[in-house]
Amino acid sequence: MGKEYAAPGEYGLADLLCCAASREVGDNEVVFAGTGLPMVAIMLAQKTHAPSLKLIFEAGTLDGRPPEIPTSVGDARCEMGASRASGLYDAFSIAQRGYVDLGFLGGAEVDQYGNVNTTCIGDYLNPELRLTGSGGNPDINSFARRTVFIMVHEKRRFVKNVSYITSPGWRVKRWPEGDFVPRRSLYGAAYRGGPSAVISTAGVFRFDRESGRMYLDTCHPGKTPREIRELCQFDLDISRVAGETEPPTQEELHLIHEVLDPDQIFIPRVKQE
Amino acid sequence: MSSKRITLQQAAEIITDGASLTFSGFTIWRRPMAIVFELIRQRRRGLHLIEVNGGPQTEFLVGAGCVDIWESCWVGHELYGKYGANLSRRVGNGEIIVEDYSHAEMMFRFAAGAAGAPFAATQTSLGTDIHNPAYDMLGRAGLRDGNNSRIPRHKYRFVDDPFYGAGQQVLVPAAKVDVAVMCVQQVGEEGTVRVSGQYYSDPEAARTADITIVMAEEIVPEEYLRREADRNTIPSFEVDYVVECPFGAHPTGMFGRYDVDGAFLKDFYGRTRTQEGFDDFAKEWIHGLDHLGYLEKLGWPRMLKLKANTALNYSAREKKGE
Amino acid sequence: MSSKRITLQQAAEIITDGASLTFSGFTIWRRPMAIVFELIRQRRRGLHLIEVNGGPQTEFLVGAGCVDIWESCWVGHELYGKYGANLSRRVGNGEIIVEDYSHAEMMFRFAAGAAGAPFAATQTSLGTDIHNPAYDMLGRAGLRDGNNSRIPRHKYRFVDDPFYGAGQQVLVPAAKVDVAVMCVQQVGEEGTVRVSGQYYSDPEAARTADITIVMAEEIVPEEYLRREADRNTIPSFEVDYVVECPFGAHPTGMFGRYDVDGAFLKDFYGRTRTQEGFDDFAKEWIHGLDHLGYLEKLGWPRMLKLKANTALNYSAREKKGE
Amino acid sequence: MGKEYAAPGEYGLADLLCCAASREVGDNEVVFAGTGLPMVAIMLAQKTHAPSLKLIFEAGTLDGRPPEIPTSVGDARCEMGASRASGLYDAFSIAQRGYVDLGFLGGAEVDQYGNVNTTCIGDYLNPELRLTGSGGNPDINSFARRTVFIMVHEKRRFVKNVSYITSPGWRVKRWPEGDFVPRRSLYGAAYRGGPSAVISTAGVFRFDRESGRMYLDTCHPGKTPREIRELCQFDLDISRVAGETEPPTQEELHLIHEVLDPDQIFIPRVKQE
């Protein structure tokens, strides 16, 4: 059975992001999921090409198979069908021990090296706006082999320098000096990888292996590379664009809206009659 | 055996002005809200919250002006309020000291505290501003002079692994807290706790704290819990006081008992961006009420909708995300 | 989903000559004896045992000449044999390197390994000969040169607590092991483990090891275990292989299933003070038998006497201390 | 009801040791118990003057109330009536965190400062006899407020210098120098106390608060201070003898032999008909 893609207009941006995120998941991988769209994306992968992925929720659910989308990783829904329900010490020990292949994360700001901010806007010592704080963002990003960030694409979010490096990218600060050094040099034996993709509302971005700099991989349908570059405060590499982001399939849309998130908690339906 | 049973009011009185405090639960789940409300009624001041992560309990206490220092990594209401508006306001106004760690660092700090070790080694968050020496807020406030036994002399230290050449390690100081306030499904009259579902960071919180107060949906016979010791979560002797308080976690949720009251949290988040808004909300829902009055005000239809289906452990009635 | 099921023979083959190894259980309880016997049948050599504590599994492997290095804190048969006669003999003969830690140090070494930290800080055993630099036996043997990824460059290190002025701390290196061999009551076909009763140091052993082999009394449907996730002990993805082997812990005991076979251990202890005695015992009980042959040889009356009463979780028939 | 003491001949040395050990236990204390006679002693205290003591077994049973004597701390019998059954990480964390009031331990050799050896006889690098090793002896002795050692009294066991300091007494070795220093100076903030008594088959010994040296507190019935001093390789202080060790009561003997250890696993009956 070939893939039957949805036509433009049959899906929304959230659907596209969700499917793009889902495709980052390999089968048999151990995946660390945060609340929200990533959860839907991973469960979508579980129901399509990655039936044997193992899902870890930060609050302490290991290899869970929730039949419906939990509202948060602390939710009782996380534990349905799980291999073990325990706590955060387990979850973070497992991550630091090196079991995690992939983590999905979000952010308020990102720079060209994939450094992400979820802590504050403006000067940390005198913030314009205090955000939630780090949560597990730096932890998962430190220990997973790959991390994927899902973000709203606005020029104020794709910045030269984030207000606060909450989560480490490919060039990070070495303390006490505060100079930028390659991630690998700092992490030593703990190095397992780093940010592998940013999926924004404009396109999919990846990072050059050598320089650690972000480049545009695919544009979402209807966006051009130049438009997307204009939406970044840094000089985005658009020389390697591989084409357009693969649209959702009918099967994926069905799973998202009829099975995984029928109440539209995280993914709104594009067509309401 | 002297009884460990106390009332909500007595529980709040144990937590004195200036105490350092931590809680059971995770974000919007199993928070000891009934005691938090009582602390606000008793106008507690100068609290030092040391939390693996924050949530509504943080936002209520911070909004009410009970908190001077918050050490943690996250505060918000998940789906029902995307950040901690009260904390954000008070940080902006310089009314509270916030010390940022990562989530794993906070967890390892509690694990070290629970194990009686002064620090733990971790490799998380290397290269981030969490380790920016200029952002050591307790240090900037002059509070790392060793005079406060709950505040370590350094926010963190770097050392190289001498054993396996694993490179730079972050040593994070053990968490030290006066009181852990827990909210669980069952506790025995001698203090044995059985948590159902994820136990989050509760075992470490109870063991780390000098005093542990357990508020439970029900106090059950010890003997019942002791029939299957391998299902229990916290041993009797780590618990100093027990309080029976049904629906004590509302508006946060509890595995197997009731869901998060999303509408309540949304209302709180929406209305408490300003101090006036918070004061108004507290006047409506906290001051002048006791716990039973609070439940009466919530009413039966609301609570029955939240009540968990015992086969699923969550409510099949509650529409999520509302 | 490819099956994780293997046979006893295959399980032993995964553990190659020179491997570093740890086990489930505690002293004379829940040791993976059937796999240990199979390792002896396969004449494994050069093993490096890193154990929170030792027991019959140690004594059998050491007696059979399978072990070059033993890092731990204790070996014996409890009531049924007051020390490890085979280890004692081989230490006296200089045939084995023994590296002594304290019990808590070994436990914290595994906890660090399981948490992915290179070391743990503890204050136990200060002032003892465990920290005597002249008694660093792996160092004396020239094995702390960094060439063996399982052997840290130092036995321990001292540092002063920089955070709370808590004084001298011992940093103990994380345990690093190739294979953990577990023996438990139940495992699911995907690897989820449910231990009943005390879980000893099993969770840390499984998480620390690169490969985890779980031998269980019974392989049960995963779905059965996953109905109550909060009762399970080790998550699926930490387990690489599962083996079904009833009475696989004999002569050690298993909570809820069978008691320690004290008479067997006494006989072993009494007869294996000499190498000739060990070889004779191994000829009688290990070589030329498979697990079913071993059970046949033990016979029904013996096993029925050991069988646990399911209400008590231990045998009401076995006269203790015999 | 007054105490009805057993007459000489009605009890054995093991009974006396068991009762003396039991009397070291205070009510409401958290007590860390090893296998054997200490277990019987603690359970005896639980059934007499210390009904609210909390018993911790090293293998991971917390506040257990076994109805019959376990054969070892790993035994399924430990868990009957327990508050929690878990593992060694819990048990040792609880100890290091400072919850433990009293621990009972054994040893092959002891010196006048209460340093105990359970590791080897002779030169450690070339031992005459390798023993079991440390087990939890140094751990419990490091973290409990008080420890009590129960030992067979032989001159070869009460020595000037133990072959190997397995478990720390009141003057311990500071490394790397190896010189002896007071326990308190080494333990710093971890200092909570140390060995409070040695109960041997000859008498009960305690330690001077200032010097940390052992002195004879009570002689077992039939022993004289001089005899006991002769059984020590070091110069035992016999200037503070308080009298004779209190004999078992009839109630205690009944509990030991009819309730706790009817199978005589650890405590033989003195009179067999």
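In this document, chain identifiers A, B, C and D correspond to the written order of the chains, with residue numbering beginning at 1 in each.
What we mean here is this: contacts are C-beta pairs under 8 Å (C-beta built on N, C-alpha and C of every residue); 3 or more make two chains touch, one makes a residue touch a chain.
Everything numeric in this text was worked out from a predicted model, so none of it was measured.
K.L.:
Could you state the distance in Å from the CA-based centre of subunit A to that of subunit B?
P.N.:
The answer is 27 Å.
K.L.:
Please report how many Å separate the Cα centroid of subunit B from that of subunit D, as a whole number.
P.N.:
The mean C-alpha positions of subunit B and subunit D differ by 41 Å.
K.L.:
Which residues belonging to subunit D are in contact with no fewer than two other chains?
P.N.:
Residues 61, 79, 85-86, 89, 92, 95-96, 143, 189-190 of subunit D each touch two or more of the other chains.
K.L.:
Got the subunit C residues that touch at least 2 other chains?
P.N.:
Expected reply: 108, 111, 115-118, 122-123, 161, 164-166, 197-199, 230.
K.L.:
Indicate which of the five shapes (line, ring, star, complete, other) describes how the chains touch one another.
P.N.:
Its topology fits none of the listed shapes; call it other.
K.L.:
Can you name every pair of chains that touch?
P.N.:
Result of the pairwise touch check is A-B, A-C, B-C, B-D, C-D.
K.L.:
Provide the residue numbers of subunit B that touch subunit C in the complex, in ascending order.
P.N.:
Against subunit C, subunit B makes touches at 108, 111-112, 115-123, 146, 149, 152-154, 157, 159, 161-166, 169, 171, 173-174, 176, 195-199, 230-231.
K.L.:
For subunit A, which residues count as touching subunit C in their complex?
P.N.:
Interface residues on the subunit A side: 30, 51-52, 54, 61-65, 79, 81-86, 89, 92-99, 143, 189-190.
K.L.:
Looking at the complex, which residues from subunit A come into contact with subunit B?
P.N.:
Against subunit B, subunit A makes touches at 35-36, 58-61, 69, 71-80, 85-89, 92, 95-96, 119, 124-125, 127-139, 142-143, 164-168, 172-176, 178, 181, 183, 186-190, 263-266.
K.L.:
Subunit D touches which residues of subunit B in the complex?
P.N.:
Residues 1, 113-118, 188, 190-192, 207-208, 222-223, 225-226, 229-230, 232-238 of subunit B touch subunit D in their complex.
K.L.:
Going by the contact rule set out above, which residues of subunit B touch subunit A in the complex?
P.N.:
Residue list for subunit B touching subunit A: 25-30, 52-54, 72-76, 78-79, 82-84, 87-88, 91-92, 98, 100-105, 107-108, 110-111, 122-135, 158, 161, 164-168, 197-204, 253, 255-256, 259-260, 262, 308, 312-314, 319-321.
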